[in-house]
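Every chain is named by a letter (A, B, C and D) in the order it is written, and numbering of its residues begins at 1.
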């Protein structure tokens, strides 16, 4: 299959001499033009490389040639540069969802929001303004497993590449998470690892911090423990009550989530253990 | 005793109606000029006020009049505006100490450094450049109590108003700390309460954070748990090793410590439970 | 007229001894409770004070008593604590408008958006989602004066207390501005006074800056020269094209504008010459 | 000449297909190990690449091979990874100089300070603490040209690779600057291009900005107009006088200057027109 769009080649594996040379040689001999190339070698000797290129090529033969040139153990992915399909999960708070909807409406999200799922129907009016399906799946009267089962049935309709937890305030089971490995992005309303768990702004107030923050991260089995994609902070002082911090924090949360999604959706984020490598 | 310097009046206690009025009335009738006035009422109803004023007055009669006007339970302190006397404790790292020495040498610290005490003699050459006594009190071969006893004997010579822990890497006992209530300021090399304890930059690297920070705080009985005076942060990315973070972090640490000391030495910091109120 | 809501008392004028005392005395004798008090004396000797208080009182007699107590030259304003009525002016860009609409929809703006006016009809669909009147007043085929005249006729319907220029990309005449003294807030997409005028991100790119910013300010007769209410910045590097900077800058612009409006709508901003005093 | 240290290869010129491939091929065939590689292509089609590598090689044959492989117009520089030799010029202010001296004393500057030159002798005591030659070259009674001639004679002794203007408050002539092309780094105490010229903090105060900053840049013929290497900022408010801003700004200035020097001294900064590319 001959393609001619911009593509992104993602590689990672054990570092050995000549990896950049080997890859760029193959691209050069296919007459492909490297638009942007970035790589990183971790202290433990893991190599990561993201190469954005353009030109007309046959994807199968390019990948075959790369595989035969590169050493064993290097993982290769070749993605066309295009929007991702996502579903957004929310609970009651509107600020992150509203931000995503506006960006989507004006084609600034690098993703199509296929649907919004919520355990409350509070945000239905907001979502309906933007003509996106809203699925109200209450958790009331259901076990956690039953509730997640209902969500999964709905997700089956959309087959999203990523789930975005835009202030979805329920803990997901390991079973649910395992179905979307490195494909769930959450926004946590603290500067992780400070203040994991519930009520981080209340915790921040009690501790008397002078800076609050927000953290966008991948979700893995441990709550608030997945690889951090982006963080940002904001100064506060003793005059801020926990409620004031929550209000101020919303501006940080929504911007950090958007920035993290921009990185993820443009295939710039590698996972290395519990760390996110952003190339 | 009639005085005519600038003074700072510090008040705190349960909030009741008219506190500002009562204080400003007394100052007005003493023909004193309020240069700056700031106050704060906490959500739990505690009142804090800092009033900087100038004029000629009799300190005893002013305080008596204020005490008779204000309700029971209001704590009053009247400080002349002047430099504090401090002793600095360090271990091996020079960056915070160097910063303080330079500021002191150019009269920018709002404090006189009476002496530097260290459990290593590594920083003696630096201190000697600035003509300040350096006391090398090794902890080797001593119990924690014996070591602190030796430090206390040295401190007795200087009678400092504040101790500054400028990267002093030993935990102080409750007994030691209790002799300097709210008079010990420490710089911790993380954005507290993230990464308490040892090796915070190593912890930060392992967790893959995108922002590092530093925290200046009062020391109380619990390690890294005292009231936070000032914090600041700096962006990092996956390319920063733990050592890189430590290097970058030094710039944050020394500036945050200096800023916190400036606030403390100008009598702008009240303690309320575990929170610092900065007026 | 006896009122019992929260009120805000705003005072400014030449500083003299006892101003805080005189004001708090009157409030105390009216049995009013000061919730928050903040004041400032400028280097040139101008006094500013904002007092938020609660209690039941007669507004006329309170103001009369204050006027008779305070020296000549002190300006007094007494505002009930309530939302402001505003009209938003836009051109083609949606990000600031979208932010304001979302905040308004969820009652987070401290203002009611009475209408949106634009010289293009591009943003009509967005505004209509939120059920707010949209007035498309094209400037084509009109002189600047005719166009402003048409806008003014529309504004007459709404009698807004403030105009918000949320990326309104036309210069207003002195005549127009003079009808809304200190009542027009603009967001400029640079860190003023750097890059006044058109295409600031292009200018920033050409100059090779490492930080971009946005500035919310009052509009007076000189373009981009009014008192600055709030500013914020964001790091960029050589990889950012002018277009990238514009994209990144939007996040700064909309948050800065919202923060500035929050300050203005809560009566916290005084004007002193070309400087904004935020109490 | 066979060498075996870490080296840095710097390339820039018109972008063509295969540049990364050509360079990495040569390094691979010389059995050299790329430690870090970074490149950038400007919107106008200029290619920049910095490759840090290690291994044993013959410098002449490596450069010859690279030159024969690469297209005409690519500039090549091959630097061993080592400290630079610098001279620091100052006037009266100590904060930037003190910062550099401390870093130098503890081997954190990536440079050797060969000497300090000043048009005042105020900072001589500080410099003498660190055992570095201090040259007091007063400008009094000299024309600008005579003064610069005297400085140049002193510089001839040291043959520095870089001059650092650490708050040197005199404008250099084009003739002087032309002798150190892209080798003079200055710290300007504002967020350029805001507030060029004298008294930027006074200008900032008058304009009522809410953020101040500092800018480290190369010096070319136009005052405050050279390529910007690093910038940073700090929030201020209406309570900051121009003098307060100057005090607060010092912390920003010295850190920004140090960060910029770290980039320059590690051969990470390319000049492209009036922009600095930092790889």
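Simple rule for what comes next: contacts are C-beta pairs under 8 Å (C-beta built on N, C-alpha and C of every residue); 3 or more make two chains touch, one makes a residue touch a chain.
Predicted model only: the values in this text are computed from it and were never measured.
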Practice task
Farthest from chain C by Cα centre, which chain is it? Let me know.
Solution key: D
Practice task
Have a look at A-B versus A-D and report the one with more C-beta pairs in contact.
Solution key: A-B
Handout entry: Separation of chain A from chain D, taking each centre as the mean of its C-alpha atoms, in whole Å
Key = 38
Practice task
For chain A and chain B, let me know how many angstrom lie between their CA-based centres, rounded off.
Solution key: 41
Fill in the blank from the handout: Two or more other chains are touched by the chain C residues none
Completion exercise
Within their complex, chain A touches chain C through residues 94-95, 98-99, 102, 105-106, 108, 126, 129-130, 247, 251, 255, 258-259
Exercise for the section: Would you tell me which residues of chain D are touching chain A in their complex? Expected result: 17-18, 20-21, 24-25, 27-28, 31, 33-39, 41, 235
Practice task
Flag every residue of chain D that touches chain C in the complex, lowest number first.
Solution key: 40, 42-43, 191-195, 206-211, 213, 227-233, 237-239, 241, 272, 274-278
